[in-house]
Amino acid sequence: MLQTLAYGILNGLLYSIIALGISLVFGVMRYLNIAHGSLIILGSYGSLYLFYFKLDPFISLPILMVSLFLAGIILFKLLYSNFVRLAEELRIQKSLLVSFGLMLVIEHGATMVWTSDEKSITPFYSGMSFEVFSGFYVPFIGLAGGILAIIVIIALHLFFSRTYFGKSVIAVSQDPEGASLMGVNVKRAFLISFGLSVCLGAIPSVLIGLQAFSPSVGITWFNKGIVVVMLGGLGNIYGVFPAGLFLGIVEAISVFFFGAPYREITGLVIFVLVLILFPKGLFGRIPE
Amino acid sequence: MKKILLSLLIVLLISLPFIVKSQYFLSLMITLFIYVVLAESWNLLGGYTGQVSLGHGAFFGVGSLVTRLLWINKVPILLSLPLGGLAAALLAAIVGIPCFRMRLAYFPIGTLALSMIALLTVSNIFIAAGALSPKLLKSYEIFSRYYLALFIVIVTIIIIYYLIRSRPGLAIVAIRDNEKAAAAIGIKTLKYKTLALLISTFLAGSAGGIYAFQHVSYYYDAPFDLTWSFTPPLTTFIGGISTIAGPIVGSICFLALSEIFAVTLGEVHVLIFGFCFILIVLFLPGGLLSIKTGSHVKKF
Amino acid sequence: MLKVEHLDAHYEDLQVLWDLSLEVNQGELVALIGSNGSGKSTLLRVITGLLPPTQGRLIYKGTLLNNLAPHEIVNLGISMVPESRRVFPKMTVLANLEMGAFPSKAREDKHKNLNRVYEIFPILGERAQQFAGSLSGGEQQMLAVGRALMSKNDFFLLDEMSLGLAPIIVQNIFEVVVQINKTGISILLVEQNVPMTLRIADRAYVMESGRIVKHDEAKTLLNDPYIKETYLGIEQMT
């Protein structure tokens, strides 16, 4: 049971990071990016390539982060920047549709280039675990991922609370017009936030890359992310962590009692129930 | 003029099996009819009522599943198919109506989640593929399937055509354009959204029924695949949402492209459509048809 | 300092400002009065860059403001205290004030300015760690003015500050406005509260339905019969 919980927590942290990317974009500019999962998978393929060049995925992580950041900025400029001024509800819908198209393009483009075969990155340490005490193992990769996740949380917190740019992003997420009246370049804030969101996806890219991935799996990971976002409260970046852990643990418990196939279903059912029972979101505010 | 062309088209479609004898081509036409019915059904909910569903595959799948199970258990197809449609509508009644409580913007991801739940559940329950009994196998021929599919397409289009022009239809479009305003003037939004949902899912389930009838060997989880959820909005947006011809145009182009590239590049037709979809959403929300009619779609 | 020349503005196809011209000279406290819907706030939105003009020119210290983005205009030296305050509700008072000092030239003197603001509005100092959304209307107004002071800009646009506030608080705020003006900051004050405004302003413009209908020294306007009847509710005995 303790083992199950450990897996649940580590998975939960992974879900949190995915959700963080989605929540950042949503909180700042009210865009729903359903292509987030597919972008992560794209990153996994990138990591795989870097691995062919003998770069361990954890070592090449900074390169991946920079690349994804740039990709995010380019995508924002190309696709997402011309409807920033719309009313909130329309913005959500339009960004959802654009992301839907983007997801299909990435998914099928990736299938054409790399086939739909499942791939995975296998450095020497895949599958290794620490035996903490008898019968209780902590997988090496999972642990590294968990540590990365915690570092990211702390870094982001410092970014938002200590730097002027970070504070301006929070201001923008609360009142873009008001922020512009303070001298904040709101367009640039949106651009960088979007880039940052995709850049954050580099960490799940590596972690998922080390497990197994294929082009069509992006939407499944997106769903994990959006469940966590909803549970933690829309637009509430800090709520993403308890919610992620919650999902990870609940999933792990359901596997323990009901078996593996039900893991995915559990999360999705919780998601639908939350959407239906709490149309105003669990903790966070709803966009009005 | 339009009526003449339309009648000619219908005559052509009816006589097609006598002109073109190719089994493959007729099967392709059936697939086209399935796509059209599914897209039109999606459009009723998505284009005309403004509720973009990314999970219509669940209803397609349920209709298909129920039809197949009934049919291979000796229930005549003319009964199994509508029952399949009803089953889909029933599922919609149970799950879909609460979905309307979601804020409008989350309806797409909520329905997507539902579609995935359906896919995962069915994949886990029905592991083996299904085959036809020797008797059914012997009596398999393409003619009846073609005409059944054609009949359903025509009925679907007629239903939607008259629905849109009726009083409920006006209410539905009003809801799409501004739900709050519609409610403010006394339209019972839930009632009409439900109506659109039930008709839409019934038709989607019927499309699934055709699919079940068409296929000899049958993978139970195939009609629940996410592609069936993604293709209708994809083709409809490009053809033109909120028009009747839009889904038809979109489906024809989609299927044509997929046939052209099937041997060479495989997935490319979806890639192309994906690009076009993004362009359309950004620059031409009314879809291709709006170039001709000049209509200005405000909502999307 | 600020010159508005023959300005037109539209919301989509609807024209809302017609051939509007006004100016504010250095150190002046100029009022813009008019009733609801006369277009006063719209004019301010155009000046700050939130709404592009369809005709006419906006010039600040010789620089053309047309088509500049709001943040660029703030960096040029114009600060706005918006209608209904618009403080950042989920940020603390302190964080709000720090956001006021966002323009880079304002950041070095941040601490000095912060203390100055606390001097003028002691209650902000007391509530520094509270979320701005939980402040009362009057306190939020003070916070909004404080934010503008943090920007080190020397031109303020004040939009309907008295709205929704108790008279004694309005009095307090108006006194602060006069104080600020005396330190050399030029002010364009948009208001519905005509009597108090005309008492503190140097000059005033009167707007109706998107046009300027009168313009004079504030003292003169106070005694103007049309103003008295329309805005001060004083019956003219003839």
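Note that the chains take the letters A, B and C in the order they are written out, and that residue 1 is the start of every chain.
The criterion applied here is as follows: contacts are C-beta pairs under 8 Å (C-beta built on N, C-alpha and C of every residue); 3 or more make two chains touch, one makes a residue touch a chain.
These numbers were taken from a predicted model, which means no experiment stands behind them.
*Asks:* Per the definition at the top, count C-beta pairs in contact and tell me whether A-C or A-B has more.
*Replies:* Of the two interfaces, A-C and A-B, more C-beta pairs touch across A-B.
*Asks:* When the mean CA coordinate of each chain is compared with the mean CA coordinate of the whole protein, which chain is closest?
*Replies:* Going by the distance between chain centres and the overall C-alpha centre, it is A.
*Asks:* Approximately how many whole Å separate the CA-defined centres of subunit B and subunit C?
*Replies:* Once rounded, the distance between the two centres reads 56 Å.
*Asks:* Between subunit A and subunit C, what's the gap in Å when you average each chain's C-alpha atoms?
*Replies:* A distance of 43 Å separates the two centres.
*Asks:* Need the CA-centroid distance for the pair subunit A / subunit B, whole Å please.
*Replies:* About 32 Å separates the centre of subunit A from that of subunit B.
*Asks:* In their shared complex, at which residues does subunit A touch subunit C?
*Replies:* So the residues of subunit A in touch with subunit C come to 164, 167-168, 170-171, 174-175, 177-187.
*Asks:* Mind listing the subunit C positions that touch subunit A in their complex?
*Replies:* 48-50, 69-71, 74-75, 79-80, 82, 86-91, 95, 98-100, 102-103, 107, 147, 151
*Asks:* Which positions of subunit B touch subunit A when the two form their complex?
*Replies:* Counting only subunit B, the residues touching subunit A are 52, 54, 95, 98-99, 101-106, 108-110, 112-114, 116-117, 120-121, 124, 226, 230, 233-234, 237, 265-268, 270-271, 273-275, 277-278, 281-282, 299-300.
*Asks:* Where on subunit A does subunit B make contact in their complex?
*Replies:* Touching subunit B: residues 32, 34, 79, 82-83, 89-90, 92-94, 96-98, 100-102, 104-105, 108-109, 111-112, 216, 219-220, 223, 226, 261, 264-265, 268-269, 271-272, 275-276, 279, 286 of subunit A.
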